[in-house]
Each structure stands twice: as structure tokens, then as C-alpha cells.
Amino acid sequence: MKFGKMVLAVCMGLAMLGQAEAKEWKHITIATEGAFPPWNSTKPDGSLEGYEIDLYKDLCKRMNVECTMVTQAWDGIIPALTAGKFDAIMAGMSATAKREKIISFSESYGTTGQTFAVARGSDLEKMPHFGEVFSLESELPQAEKAVEDIKPFLKGKIIGVQTASIASVFLDKYLKDTAEIREYKSTEQHDLDLLAGRVDVIMASMGYLSTAAAKEGNSDMVVAGPRFQRGILGRGSSVGLRKEDTDLRDMFNKAIAQAKADGTIKKLSDKWFGFDVTPH
Amino acid sequence: MSHASFWELMNFGPDGWGWSMLRAAGMTVMVALAGFILGGFIGTFGAWAKIAGNRPVRIAADAYTTILRGIPDLLVIFLFYFGGSLALSAVYRAFGGEGFVDFPGFAAGAMAIGLTSGAQHTEVFRGAYYAIHDGEIEAARAAGMTRMMMLRRIIMPLLLRHALPGLGNIWQVVLKESALVSVTGMIELARQAQIGAGSTRQPFYFFIAAAILFLAITFVSNRVFRFSEAHFSRGVRGAR
Amino acid sequence: MASPSMTQPGVPDQDMALAGPFADAQMSDQKTAISIRNLHKNFGDVEVLKGIDIDVAEGQVVSILGSSGSGKSTLLRCVNFLESPTMGEITIAGETIRTRSGNNGDLEAADMGQLNRLRTNVGMVFQGFNLWSHKTVLENVMEAPVFVQKRPVAECHDEACAYLEKVGIYEKRFSYPAHLSGGQQQRAAIARSLAMHPKVMLFDEPTSALDPELVGEVLRVMRALADEGRTMLVVTHEMGFAREVSNRVIFLEQGWIEEDGAPQTVFGASRSARFRQFIAAQPH
Amino acid sequence: MIDFPFMYEALMRLLPGIPMTLQLAFIASAFGVFFALAAALMQLSGNVVLRSVADFYVFCIRGTPLLIQIFLIYYGMGQFDFIRHSFMWPILREPYWCAIFALMFNTGAYGSQIVRGGLLSVPRGQVEAARSCGMSQVLIYRRIILPLAIRQALPAYGNEVILLLKATSLASIITLMEITGLAAKMISETYRVVEVFLVAGSLYLLINFILSRGVAVLEKRLMRHTAAERPSSRIAARGAA
């Protein structure tokens, strides 16, 4: 019967879609978000650009594998990796202890820290410690003092942050009782709401915010307040991988180490961020 | 905050978003169509199960339609998107494969849509079957037709005629549901509009453009359905 | 053809009759309850009523006969403007309905307030009963007195019960229309229109939708109303009712009044060949 | 394979989302009914302008996905200075009200088709009877047409409320923490999609089950007047006849 044939065809088709990856990696599918400039973003024609787009091409050349890049919405990116939709994540994702329970990370290929942005002309622009960087690992007391210093400014305000981001973890820990926290699916959405006046502050990666603020149409957005990194914020953006693919992690680590050593990472970060994001 | 006009954004030059939006509209139609056809197969089977199946089969079909009508489509798409890969991989490994079965966003979206619309297809086909007069089937039997011939020559054409208006409604629903597939990262209209809105900070223009494209698709497909409804009804009426 | 003289109420000897406890009609002198003047009604190009003049005196029971399509229902429906006349004048209890030209060439009421007030003077009983299906029988009867005439609820309730008693379905007052037989429904509908204390009652083929065995119970109620001296305009196919109960018979043919007079006269020796033909064709 | 303690934890975390889900659905359908009624009356009115406006509204809403409508109202409106400086902004600023608006417009358009069907189903004769009693047009609508139309439309409208309840899940994309929003947040922390969504799905299923039972009970109450529903009263009627 026709129906039976159809079912058979569909099943066979599905089976062919799924070629198991061979043990030695010849082809890697890497996922990014495509909405987190300058790390990664989408151009009008649908193609991708950004620091990670340039970087993955370099790394794949070093690993001598063929790579394809796909986009995936941020809040489903880790489940999609574990579900086997792709093999690696390069989406400005910071390696945190919490995420490492589920997936593994390579060495970091960039870190800019997390900071705030506010609307130009608002009182929040005057938050103290602007331009200072605090490590939540080695300088924890100072960092926590800085948080106390900005609390009076944030009292009763609304902070926008991307769901499942390290900034949201930070806010959850330090500012949950001070301000109302609203979670967005993508960083661009909280930018829109900052400009529209629905939220008073947003928190995201320094690299993202400084680029976003420089963008045309965002002249009303300014970076403010202290910058935090390390600790619960993780050790910088890294390639996210399935735990069992240790061989792939070793390959990425080796390639990243090479790219750091020969200055490729510095060169690319200067191009995209305007400053060096090489982690040390 | 905005400066560029609607037409500056939506032009078809190298910096314009016109082609991207059109491409995304094409993707919307493709994934909706794939889901609709898949839903049709599921619905055929479901209707058969409800009409002619034995008790357990009927209960299963009822459970399927009840559950899928009771939970949000967004959840179904999520579940299917993530759960689908896991399940397929498990099956694949059970048969001795290694690693992961890739499950592309398009297939996931189409299948999720197919699964949700299948529940509606089931009800439409069932209703259409019951709308066929017993006399018409009896007459076919009296004319000495075999079961298969009766199905092919009498029941199917009549079924289609009764089902067409319902199918038109389902198509509308499916078309709109395809917007939810954007959560799987597939770049269809809704997702493309979000990307454009984010990149240019002009959300209104992008979402209105997406809305207009959806309306255009709706309008055209409405016409197609109305035409085919008229066609099928005329044919049958003429034969009477 | 209707001659002007036919429009006069021609049956003084039948001037009756015992006023029942609910009768509003005055017996003293013959006031005109309804006056229809030069009534025309077109449906598109079809002329259904071609100039009707009727004066109904208080206490008169007028049967309107005619073959189907003769315009008798339309005539009745024009009286309370359920159908908009194309031309003409309706006067109810001495008050003429004010009209103006509507969009489609027909007349329309110039003052809806006046029309609605006059409508409460005219009770109407329909062929299809038209009881409000979401209300009980009692609610149906109380609806207009309470919400249109704004009379005290308690008073309306007691009166409604009395009317239901009168038409013989008091024990059904809490039932919904769908639970009643056709005859019961029609009697409820009669009670409903009585409850407004109408000066005139219009009956639009009240027994046509009923099974033959249920016709009698409705006719009995109508006969009782006639005996009370109520003014009634009845479109009917019941020859028995026309002959025995009404004191005036109007025969409508192709939009004209073909015959108008006392039943004895009309049924006895009609001048109209059409009417004699019509009578002959009726089942007995 | 199924981790029950985790599912229990998920249930406990999703339960607080129920009030938000119910609020969105009920407030939106309460307001939406008026849109539905207004659009239906406009569509049935003889006035060409009114009818065209209503037709256009219904066409636009039914022809576009709710997702786009929500985005358009939430992000799209916020794009314009004149809206951000208008008296509406204190309301449009809140994602909660934007979601309500979007859901309300949406259900209004779908509901109007149901209401229109209900209005058209009112028997002409019963309206004529009301008219012959001298009822004004307003009174006829209030006492006869609407009560009858509501009874007719109720089952379909109940279905629409269930669809609306499912649609509230989209409010999560504009930061509202209803059931799906909480589920998405929990997934972002635990990365366990299937279990969390199974729990969320069951919650929706349960709410919709209760809702549909409620509609059925209401329907039974309102449908007392139809003979088929109450054999007992038919027997009573026959006995007394």
C-alpha cells in the first residue's frame, strides 16, 4: 500500500540523516547564536559574522577538520548540544561550574567580564567603580563591596538580562532582592527594552555592551558601573562540548593554545572588540 | 531612535532585508506544507483508528487527540525538538549505531507541526467520513464494488469534499504555527523578523513586514482552497 | 375588486357581547380599534397588497381568509409594522403610526418610541408560536409587562398566572417551550400577548402549524376570547371558526379585498365567484 | 529512566506560574468577549464602513501568528517616541498588559466568528415576537437575542478559551513568568528539557480538563430549555399533558 511505502521511505530517510560521527573527527558542526555581536551576529543576507566566526575557521584549519556553523536560539543551546544536534558551541558562552555539570568546556578563547548599560542621562550613569574590573575569585571582598556600592542606585529598578546567561546567575546571587529582574530570550531584546524605557539597566558581557552601545541607533545606551569576571561568572568564553567527546576537547585545546601563542586571538579580538580579550 | 524608513530597510539591494524576508517566507511555507502533509497522514491513520479500530486502538487515538489539544503547541515543538533527537539516537544506538543521530531543525519543526495538526486532521477526516450518507456506500456495495474499489472510487472523493473546508482551517492554523518553529533556530519569517529587529533596532518595521507576508500567504492559500472547494463540490453536484 | 363601501363594518346586528373579566373593550359605542388606509406592500417588483382599507370596530372579530399568496399574512404583519408597508396609514386606538420614507422605498416608523408604545396595544400570535426558547412559560408571559410596560413584578406574576390558568396551562408555567406540545405552546403564546392588555389581538394562522388533534384546544381558547368581546383580527384557514366565531369575514385575493361582510351573508350568498370557488376547495 | 524526585521538584517550581497563566487567559477572554461582540455586531450591521473595519480586523488577526502580534505590540510599539510619550505608555510599558492586549485582540477576532454564528442562529420568529410586544431594539438584544446567542455559542466559546489558555504560553517570550516561562527558566538552569516540559504539559492538560468540565456544566445549566438535554422534564411534560 502507498501509505506503508511512505512510512518506510520516511524512516529510511531519517536513518540516512543520522550518520553517526566516526571516532576520528573529520567533520564538526558548531552552533552559535547569531545574535550576540561582536562575538557572533547575523547579516541581512543571513550569513554570520563576528569574532567567533573568524575564530572557528582558524581553529578548524589548525585541527584539520571540516566545519559547518549553524545557529541555535540561546536558551536551547545546551540541551541541543546534549541532544546531539551539533558537536560544539561557540556562542560567547562562558565556562561556569554550573554548566560544567552538564557539558565540558575547552580552554577559554576570550573574556571581557560582565558589566551594566543604562540609558544616557539616567541617574544610573553615575554608578561608582566605572571602568574598574573585579574578580569574583581572587578579589571577592572588594567585588562584593562594589556590589554594595551600586545597590542604592539599583534599588527598585528593573534589570534586563538574558535567560540562562552568566549575568543572570550573578544577578540572582547578588541583586535579586534589590531590583526586579526580567529575563529575555536574546540580548538584543533587552537592548530594545532599555531604549524603550521598559527596563532601567541591562547586564551583559562588556564586549557585547560596548559594541552594542557603539551601534547606530543605540546612541542612548551607555556602559556604566563596575565590571565583574571569574568566579561564578566562569573562566571566560570557551567551546562547549559534550562530556564524552574528550578527544574533541583536546583537539580544540591544542588549537586554541596555538592561536593564543601566535597572536591570532589578539589580532581577531582587536578587529572585533577594539581591545584584547585574550584570557591569561 | 529610528531613522531608516520602512522601504530603506526592506529593499532588495545588498544592504536591504527584502530578500532575507522573502526567503524566510518561503521557508515558512515549506515547513508548514511539510507539517501539513505529515499531519494529513497522521490524521488519516487517526481517523481510521477512531472509526474502525478496536478498543485499545481507539483509546490510543483518543488519548493522542486529547493530549495534543490540551497542551500548548510551543511545548510540543520544544518537546519534539529536543526529545526527538534523544529518542532517535536511542533507537539508532539500540540498532548498533554509535554517536548521535542528527535531527535537523526543519524535520523537527515539520514533525512537531505534523503531530499537532494530525490531531486536528483526525477530527476533520472523522467528521467528513460520518458526513457521507450510508446510502451512497450501500449503493456502491449494491453495485458490486470491492472494499478497495469502494474506498478509492466512492469514499475518498466524497471524504475529500466534506473535509476540504476543515482542511482549509487546519492549513491556516499550521501556517501560523510555523512561527513557533523559530524557537528551534530554523530561520522562517518570525525568526528572520526577530533577527532583523535585533540588528537594526527597528522592530516595528520588521514585525509589520512579517505580518504582511503572512497575510499575503494566507490570502493566496485561501483563494486556492476556495477554488478547490468549488471544484470538488461542482464535480460531485454535476454527477448527481 | 374592493368597493369603498366594503370597507365599512357591515354587521351592526352582531354588535355584541358579554365583556369578560379581562376585556378592555368598551361596549358603549362602536369606537374604531384599528384603521388601515390605502395599504400597499411591494416585495421587489411583486405587488402583494394593492391598496387595502379596513376599519375594525372595538369588539369585532374579523377573520381574514384567502388562498396562500393572497397577502393576508403580510396584511396582518403590516398592522404592527413587523413588515414595513410601501404606502398607507395605520391607526391604532385613534393614534396614527408616524412614518417616513425608508432606504429601500418602504415606509419606516419615524418614531420608534411611538411604534413600540402602540405595539403594546396590539397582541400578536404567530403561526410558529415564537415563544422565547430560553425562558419558561411564565417568564415568557411576564417578559413584556415587566420589561416593556415596566409594571410591578408581583402584579405581573399574579396576572400571568391568571392568564395561564385561563388558557389551561397553569401547571406548565415552569416548563420551557421545547417541553410543551404545539397546542400548549400556542396557548402560552396567547397568554403572553394577553398579558400586555392589548386593545387588539392579531392571530397569524394560529393553528396551521399544529397537528389536527391539537387544533381544537387552541380554537377553544380563541372562542372564549371572542366571547369576552375582544377585538381580534384572525388570519386563518379554519372555516368553522370564521363562520361561527367571527362576526366579520374578509376575503383577500391577489392583494385586493374581494369580499367583506358578516359570515352569514358572505358564506350564504357571496357575490364573488372567486370566493365561492375558494370555499368549495376547502376540505370539510 | 524517569527521575521522579526531579519531576516533583519541577512541579513545585512550576506551580507558582499557574496564577499568571490563569490571569492572562481569563482577563484576556473577559475583555476579548467585548471585542468579539463588537466585531460580530459590526459584521452583521448593514453599515458598509463598520462591516469593512470589522472584516479587516478579523482578517489581519486570523491571518498572522500570535507570536508576531505579541512582538508587534511589545517591541514594535516601543520603537516610536510618540507612543512612548503618550498616555498609553504606562500601560504598554508593562509586558503583562502587552500580553493581555495581544491575547485580547486575538481572541476577539476568533471569538467574533463564534458570536456571529450565535447571533445568526437566533430564530427570526422569536425576535419578531419581541418586536410585536413593543420591545425596543436595545431591549430585544438584551433580553432575547444575546441570551439565545450566548447559549448557542457557548460550547464553541469554551473551546476558544481553551485555545487562549494554551496561547498564554507565548507570553513567556516577553519576560512573563507563567508556566512556560518558569519551565524555560528551569530548563536553562538544569538543561533537562523533557522532564520539565512533561510536567508543564501535564499542568496545562489538567487546567484544560477542569476548564472543559466547567464549560460542560455551565452548558448544561444554560441549556435547560432544550428538550433533548432533559428527558426527565419531557416525561413530566408528557405525564401532565
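For reference, chains read A, B, C and D in written order, and residue numbers begin at 1 within each chain.
Convention: contacts are C-beta pairs under 8 Å (C-beta built on N, C-alpha and C of every residue); 3 or more make two chains touch, one makes a residue touch a chain.
These figures come from a predicted structure and were not determined experimentally.
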- Query: Hey, how far apart are subunit A and subunit D in touch steps, shortest way?
  - Reply: 1
- Query: Of all chains present, which has the mean Cα position farthest from that of subunit B?
  - Reply: C
- Item | Identity of the most central chain, Cα criterion | D
- Go ahead and note the Å separation of the Cα centroids belonging to subunit B and subunit D. 23
- Using mean CA coordinates as chain centres, what's the subunit B-subunit C distance in Å? 58
- Note on the structure: Whole-angstrom distance, CA centroid of subunit A to CA centroid of subunit C, is 84
- Determine the centre-to-centre distance between subunit A and subunit B, using the mean Cα coordinates as centres, and give it in whole Å. 34
- Within subunit B, the set of residues that touch 2 or more other chains is 1-2, 78, 82, 86, 182, 194, 197, 201-203
- On subunit C, where are the residues touching two or more other chains? none
- Item | subunit D residues counted as touching two or more neighbouring chains | 75, 78-79, 193
- Query: What are the touching chain pairs in this one?
  - Reply: A-B, A-D, B-D, C-D
- Message: Going by the contact rule set out above, which residues of subunit B touch subunit A in the complex?
- Response: 1-3, 14-17, 19-20, 23, 41, 44-45, 78, 81-82, 85-86, 88-89, 92, 97-105, 107, 182-185, 187, 192, 194-203
- Mind pulling up the subunit D residues that touch subunit C in the complex? 123, 125-126, 128-137, 139, 143-144, 147-148, 151, 222, 224-227, 230, 233-234, 236-237, 240-241
- Touching residues on subunit A, where the partner in the complex is subunit D: 75-76, 78-79, 82-83, 98, 102, 163-164, 182-185, 189, 192-193, 195-198
- If you look only at subunit D, which of its residues touch subunit B in the complex? 59-60, 62-69, 71-72, 75-81, 162, 166-170, 172, 180, 183, 193-194, 197-198, 200-201, 204-205, 208-209
- Within their complex, state which residues of subunit A touch subunit B. 3, 6, 14-15, 17-21, 29, 34-35, 41-42, 44-46, 70-73, 76, 79-80, 83-85, 186, 188-189, 191-192, 195, 215-218, 220
